[in-house]
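As written, the chains take the letters A, B, C, D and E, and residue 1 is the first residue of each chain.
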């Protein structure tokens, strides 16, 4: 009897939460942030942040059935009809990114406790988790909104929170302030270019709702204001997502940030900016028009190929591990950009699939480095030596993620690279396929270099004199191992059953290219 | 009786015009003074005096035009604030410049009081 | 884009032209000067003149905010930061000058390319002025009974944007708290005094300043509250009021010392206020949710008449914004004045 | 008439700008900024009469305050190289008591 | 629409674009961090000017609607959905806006003002965080010039390798 009564009580809450899930996904972390400022005792703030991010993940899961069922959900803020009020429009494209961001939020929080206790001083942990929650809310806000200017506001929330989080790495490495300052200047220039783009769009269409803008500028793709708006939005978001020539801020920002922040940012921040570019290019502007076609072939595709090759080469010469991984992130972003610039359904689907897989790979790699730095204080590639013997499980997960980055069969990386090659051949871009192969070979070198130091070299003798990293208490290090193993397992699992990400990516690509702003 | 009101009414705008132009003239004179005078203290003197005079005249003129409305109260408040702050600010600038040992062009730089190494208060 | 609208030239264009000329002069001056103090002052003048231009373009609320925030608080913040750095900037290297000149030229060319298709200035039938903007003007009064359409759009129609904006301020306040801390100990020991305040000079009683600011500070706070509650009828609202009240406390701190200001408005209260404002704003939204309607819907706040519900909702979020903005501006001011490295005369 | 005054005020503002740019001494610049602010306040009042909307006066009132605070901050910055020192001590309670006891 | 009329109509935009480019030039060309942030402020303020010049309507007044709506009927149902899809509301709006603006008085467009209020506040937030970072950089490197910071880093790296 109690089961029925409990179910009776839960069902209305579930339906209420279901209908109002879109705003709650963003508002829960947004309002939990200020509360976290007061929780001084270290573990309490962490527990609060973890509970909130799990709750957010549940709200995203509540969204899934509705999106899969009827294509897309529209939620009007304050019940104002769209051109007047702000509208949340969720289709399979941003559902995929929402899943990714909230899942990575939960995983990096579970993984991050020993790292935060190791790197952030006690008095600042409450505020650190508050900034982390606000960054999570900002990223989710950018992904979910259907209003052009709202994208800018939440992009700023996540950016300012990220600048602050990166500068928190200064206790470990004093260059974090300079890295955060450069990131701030480049990020603000990017955001201001984006505002200019949105302003020009508003000048051409008269509204700020993305679907409405698309409807109004559908016929005018030769209008110069629309073309300038396209150029400024691409440059602005390109700066935010570290597209090839505008990427100089990313390596030092990820290398100097605290390791937990590195894990979260590497797998989400640039991906959300990439999503915003896909959303604007395909949902707002008309991809078919000659101008956009020319930009795809003459600007985006060469940039993607340049990113793949040049950044992989730069990754080879890096000594600091996190900088190496950051350069390889920019290279992998080149893969996604290549998928996008093909302009075909297969290409965009492959790009989105690679986005999903890359988050898994890079998250696992950064977690591996963070876990190792707990034990041996790892900053350079040499510090990894002997990890195979001292921390076998961490080394194993690190290897799986590395292989997945290279795209070795039996790993998720192979799946997305395979679809990229297929899409490229379908478009007849043989030079893109060549770039893919060259970049994968380069990846073999820089991942191989790391694996080689891990397994074939002797572990450093733990001499009393050498200041080793404080030994993380066994309980929390196990806590840290869980997400790492889970990510590594996900890398393998998604090779065999890629239905979930592949299905969402294909549905998203069809929605974007098939029905235009359906 | 009504003619007196009419005359007053017309006179009001005429008077307001005179005040406004007078105030404008003073402010312009002050600005030219600040530009052409050779030394900091003389410029300060030119700016300080004419500002207060000019602002009072202009605000009075505007109040005449506005008549007895909330707007005039606001104008009076602006006048009050300007009357309070601009001389104080000019005083503070002069005090700081004096303490920073800025020498006036003519005359000697003298401490305000014997034996006070840093120059005491007012 | 109807191309047949011809902008009439009248008396105001002369004023606009002169304002634009001033802006150009100040912009070029900032490029050429290297004395940081002059640059900071010119930045304040730049945002002040653009506030004037906004007034002539009928954007009264924006002029208010730009004057209060751009010309007022930014100058004090810049001074706070500049205090701790050298006074002259190194001139830029020629190679960097030319590189940035070409980048700027390219971006400018892209924008100039777009100018030809832009609607001409002041055209009532242009896309932005004839579509949603006009719909707001028509619906604002019956929906929310608030004459100032900007406040009603800011708070009710696009209220979610403003929630995001208030969170941006909170994040900035949080950032400054994390990076600089709010006074007290810097890595363990109390702040070294740059100047030992006991020498004869510091005893100087600036009676003039003290008396004047004692008179001014209550007036400023009163004016702040006037701006807050007057926001529905004229220019004003939560942001501007928050900045004004914060500048009153900053004036108090400038005259009577930050310790006296910290006694009056303790850092703990300021920290709570920063978080409280966002919670009030978000809470009003959730109240709409609990009463059965969508997020941030104020109609349901008063079951009897929807417009009154809107007024209630707008009033409560403006108060939330006021508390957050005021507290964060104080957090930032305390943060800057709490760091006090001693400045060698070389820099001075 | 109001238009003439507006033009005069704008002329004065441009002259102040010239002094701000040329000002050899630091304090010339402080003076120029301060009087530029006062002239802008006047310009705002007159201009809001010119366009017939009463809102400009609010902004003038606001900027009159901001200008004062800015100038005091600048002066304290140069005089004491610190923003947090007390410009003038409020007679603390015990001195007042002592003064009270004495008189 | 001859050259002069075009110039009269678009002069504001041209000046705003020049100001924008000045701001961008300052940010990119200078090595001093405080001057970089000032340039960023100039750049953002001029973008706001672009928005506001878009919203001005000739002969319009600030968007503060006079209280008494003289007789113009307001079909707006209070706050609820119109039911009409966005497509034909757009057509209806453009159609009937030409003749009588809001109860006989022309107002400027309020939307750019709302967006710019958000923009100004975001600008100040970025400025505050940037200045806080400059303060800490100044404490660690004793200078806020990018060359000095790079030099200090280069020496530190060389010392570390040696």
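Here is the rule we use: a residue touches a chain if its C-beta (ideal position, glycine included) is under 8 Å from a C-beta of that chain, and two chains touch if they have at least 3 such contacts.
Source: prediction; values computed, not measured.
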{"item": "Neighbouring chains common to chain C and chain D, by label", "value": "B, E"}
{"item": "Chain pair, most C-beta pairs within the contact cut-off", "value": "C-E"}
{"item": "Centroid comparison with chain E (C-alpha atoms), farthest chain", "value": "B"}
{"item": "CA centroid of chain A to CA centroid of chain E, Å", "value": "28"}
{"item": "CA centroid of chain A to CA centroid of chain C, Å", "value": "31"}
{"item": "Computed distance of Cα centres, chain B from chain A, in Å", "value": "59"}
{"item": "Residues of chain E touching at least two other chains", "value": "20, 24, 37, 54, 61-62, 64, 79, 90, 111-112, 115, 118, 122, 125-126, 129, 133-134, 136"}
{"item": "Touching two or more other chains - residues of chain B", "value": "81, 85, 88, 92, 95, 99"}
{"item": "Sites on chain C at which at least two other chains make contact", "value": "42, 58, 60, 80, 82, 111, 116, 118-119, 126, 128-133, 135-136, 139, 158, 161, 164-165, 168, 171-172, 175, 179, 204-207, 209, 216, 234-235, 297, 299, 336"}
{"item": "Pairs of chains in contact (touch as defined earlier), listed by label", "value": "A-C, A-E, B-C, B-D, C-D, C-E, D-E"}
{"item": "Residues on chain B engaged by chain C in the complex (per definition of touch)", "value": "81, 84-85, 88, 91-92, 95, 99, 116-118, 120-122"}
{"item": "Complex interface listing, chain C residues touching chain B", "value": "199-201, 204-209, 212, 215-216, 219"}
{"item": "Parts of chain E lying in touch with chain A, wherever the complex brings them together", "value": "20, 24, 27, 33, 36-37, 40, 43-44, 47, 50-51, 54, 79-82, 86-87, 89-90, 111-112, 115, 118-119, 122, 125-126, 129-130, 133-134, 136-137, 140-141, 149, 153"}
{"item": "Complex contacts: residues of chain C adjacent to chain E", "value": "3-9, 16, 20, 23-24, 27-28, 30-31, 34, 36, 39-40, 42-43, 46-47, 50, 53-54, 57-62, 65-66, 69-70, 73-74, 77-78, 80-82, 84-86, 89-90, 92-93, 96-97, 99-101, 103-105, 107-108, 111-112, 115-116, 118-126, 128-143, 147-150, 153-154, 158, 161-162, 164-165, 168-169, 171-173, 175-176, 179-180, 233-235, 237, 239, 297, 299, 306-307, 310, 325, 332, 335-336, 339, 341"}
{"item": "Of chain E, residues touching chain C in the complex", "value": "1, 5-6, 8-15, 17-26, 28-32, 34-35, 37-39, 41-42, 45-46, 48-49, 52-67, 69, 74, 76, 78-79, 90, 93-94, 97-98, 101-102, 106-118, 120-129, 131-136, 138-139, 143-145, 147"}
